[in-house]
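Below: the structure, in structure tokens.
For reference, chains read A, B and C in written order, and residue numbers begin at 1 within each chain.
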Amino acid sequence: MTDPVDAAPDDSTLVRIRGLTTVLGGKTIFDALDMDIARGKVTSIMGPSGTGKTTLLKHITGQMRADAGSILVDGRNVAGLSREQLYKLREGIGYLFQNSALLTDFDVFENVAFPLRQHTKLPEVLMRNLVLMKLQAVGLRGAARLMPNELSGGMMRRVALARAIVFDPKLILYDEPFVGLDPVALNQVLKLILTLNQTLGITSVVVSHELAAVQRIADRVMLLSNGKVVAQGDPKSIADDGSPWTRQFFGGEADGPIPFSYPAGDYATELGFAGATK
Amino acid sequence: MSQPRSSYAVGTGLFIVLGFAALAYLATQTSSVANVHQGDSYTVDAQFTNIGQLKERAPVKIAGVRVGQVQSIGLTPGRDVADVKLSIDKRYDHIPQDSVATIFTSGLLGDQYVGIDYGTAKQVVAAGGTLARTKSTQPLEEMLGKFFGAGGVVDNVGGSYSVTADFTNVGTLSVGAPVKMAGVVVGSVQSVRVDPVKLNAQVVLAIDKRYNKIPDDSAAAVFTSGLIGSQYVAIQPGGSPDALKNGDEMILTQSAMQLEDLIGKFLVNGSPSDKKDAGAGNK
Amino acid sequence: MNARAPRSNNAVIQSLAQIGACGLFLLTLLAAIPRSFRYLRETIRQLWFVGAMSLTIIMVCGLFVGMVLMLQLYHVLSIFGGTSASGMVVALSVYRELGPVVTALLFAGRAGTAITAEIGLMRATDQISAMEMMAVDPIAYVATPRFLAGLIAMPLLCCVFCAMAIFGGHLVGVTWLGIDNGTFWANMTAVVDVRTDIINGVLLKSLAFGAVVSLIAVFQGFTTPPTSEGVAYATTRTVVASSIAILALDFVLTAFLM
């Protein structure tokens, strides 16, 4: 179950999760979860809402600590890192937030430049060129002086993406990158994710439940439910692997292994009929 | 964004400078550290035997018009006179040498200032010169003493003697209220209490020993000065040849008039029977 | 970061838990001061927002407080013929009580709520998480600069308030009601003492109030549930808690300093 802590950096697995167990507010989010995320590939984590997909990303970046288990990112155990080491690790990870999380105080340019300003002492000219290059990559060089509240949802997500890649990370975590986007903006983001993966070789983890979008970019899909990986495979074949989980999730059935009803006591008892029938 | 960044810094710098300027203002202009000079002025000395409450920077006035201020107050070494330096505006440099500097008080409780009354001499006071003729401040007690005459204020120096008087109602008479005869204060109320047996008010009057010839059949009445003024005890002398002595009781008393009674009597010709009378009847 | 106060049904226990959590948060803030030195520029920016931007309201309110105080005192003191003392009374009451307290209350309303709402919204929109992800410590970058800015801004604002109040008092007393200018200043300077009134009164009190108000504002922003509802409640709580803390602390400080 537990791998040696010093896994070889040239290992084909970038993120290795073993026995991850987390209990939040009495509810088990992860139950001895095992997961491997391949280097240089696009891995999609899918699952019904509330299965802890975002929580899993927060575990990978060390924003949340697990109750048990280990998470190795590029051979380093996230849980054992000090604050400085953790921050060092995060500089190598890009994170795209569901709602973009741009700093509302700053314009687009400063938002993208923010990580550079905080962690480097680059000359202003070099910094400017670097930021403009990243903005050009997401097609928003012309919007450099706009404030975040002047942007559409799709533009905000692209700015956030430019910010996430400003340090040329090894790994980008996309948290629901397609939510709330119109088809055009959705395709733009899809194309960006693919381009970043293919041209720069950035390992990408996409958390989403947009099946159609995921099938176009993902090399591997993992279906998360009840705190475990219930199915995994390449996007074409996973829907046909025959397990009840995949059949329900990809078929969109209302009831199945993923229950329709929230766990509750006996229905008749709660309505007060149990005594009457006796 | 580099321009807005620096404008924050400039604005914040201005804010900090303004804050410190305000602090400097508070500390220097409004506190005891302060010492300002207003326009060109020259200094004149004046010596007073008593400066009372005169303070530095108090105004100096001629004919009621402000011409300068008190620059400093010190004690002349070796003598018990106050040395006051007056800073006077250059425009008023024709003050005769025999002018009188007086310390006045504006109003009864107001602040003190230095007034200069012009003399008749041809020579004027030069800068750094001295006004030889001064009039010091008058302590309030002295002024009051002069005003009221020597025996005007009742004191307990001569001692007093006590007499008691019973009233059915003392109104709001309180301890310390004056006792007057012919309108003149002759003593004060020493105590007011209810007699537990007779159920009326027993008032002890302390009367000055100097007034020891009050006839023992004199009447005591509780009066009110004005409509809403405080109450006092008035003694109306009788005709007995014997005088009141310490511990005597005054038989004839007249209780306080209740305002309600007065108005009632006035309006309805005394028809409402008040509680006091009813209580007396029961007894 | 998610230093949420432990939940309890008992209101007293809950407030105690809040105070305790606030105290622990203060330690976190203070511990982050060395790390926030590199964000000096951010501190200056916050000083602009909480200090310089509050200047207008502070100046206007100070002016009116001085004017109305002088007007009231003049009418009362004219009964005793002591109107010349009104400048002195204005100065003393403003320096010792009204200046620091009113400035702090205004500061809580103007800057405290802004800080709480801003931090609450930053959390609601994941900006705080984003900073953590970009390896920027939110305590050192967001919380401590705002706290320090409040700490620095309050005494400065209080000085400005007091100066404006004196100016307002002078305006009404000397220019309008005809108190002698020299008497006005003479009485004031004779009574106002630099150490007890200006250092202890204006500076020390406002420094303490600045620390309390900005601590409460930052704490509420960081601990409120990151929803629009939570932010709304947190801003209200900032004003209520700050006002109570200011007045209670004022009593304690007055008892100790005067």
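The rule is simple: a contact is a pair of C-beta atoms (placed from the backbone, for glycine too) under 8 Å apart; a residue touches a chain by one contact, two chains touch by 3 or more.
All figures in this text were calculated on a predicted structure; none of them were measured in a lab.
Central chain (C-alpha centroid nearest the global protein C-alpha centroid): C.
Using the mean of the Cα atoms as each chain's centre, the chain most removed from chain B is A. Distance between chain A and chain B, defined via averaged C-alpha coordinates, is recorded as 84 Å.
Chain B and chain C have Cα centroids separated by 42 Å. Between chain A and chain C the centroid-to-centroid distance comes to 43 Å (mean Cα coordinates, whole Å).
Interface residues of chain C facing chain A in the complex, by the touch rule stated above, are 121-122, 125-127, 129-137, 141. In the complex of the two chains, the chain C residues touching chain B come out as 41, 44-45, 47-48, 51-52, 55, 80-85, 91, 95, 152-153, 155-157, 159-160, 162-163, 166, 180-183, 185-194, 197-198, 202-203.
Residue ranges on chain A touching chain C, taken from their complex, read 61, 63, 83, 86-88, 90-91, 93, 95, 97-99, 101-104, 114-115, 118-119, 163. Residues of chain B touching chain C in their complex: 5, 8-9, 11-12, 14-16, 18-20, 22-23, 25-27, 29-34, 36, 55-59, 66, 69-70, 106-111, 113.
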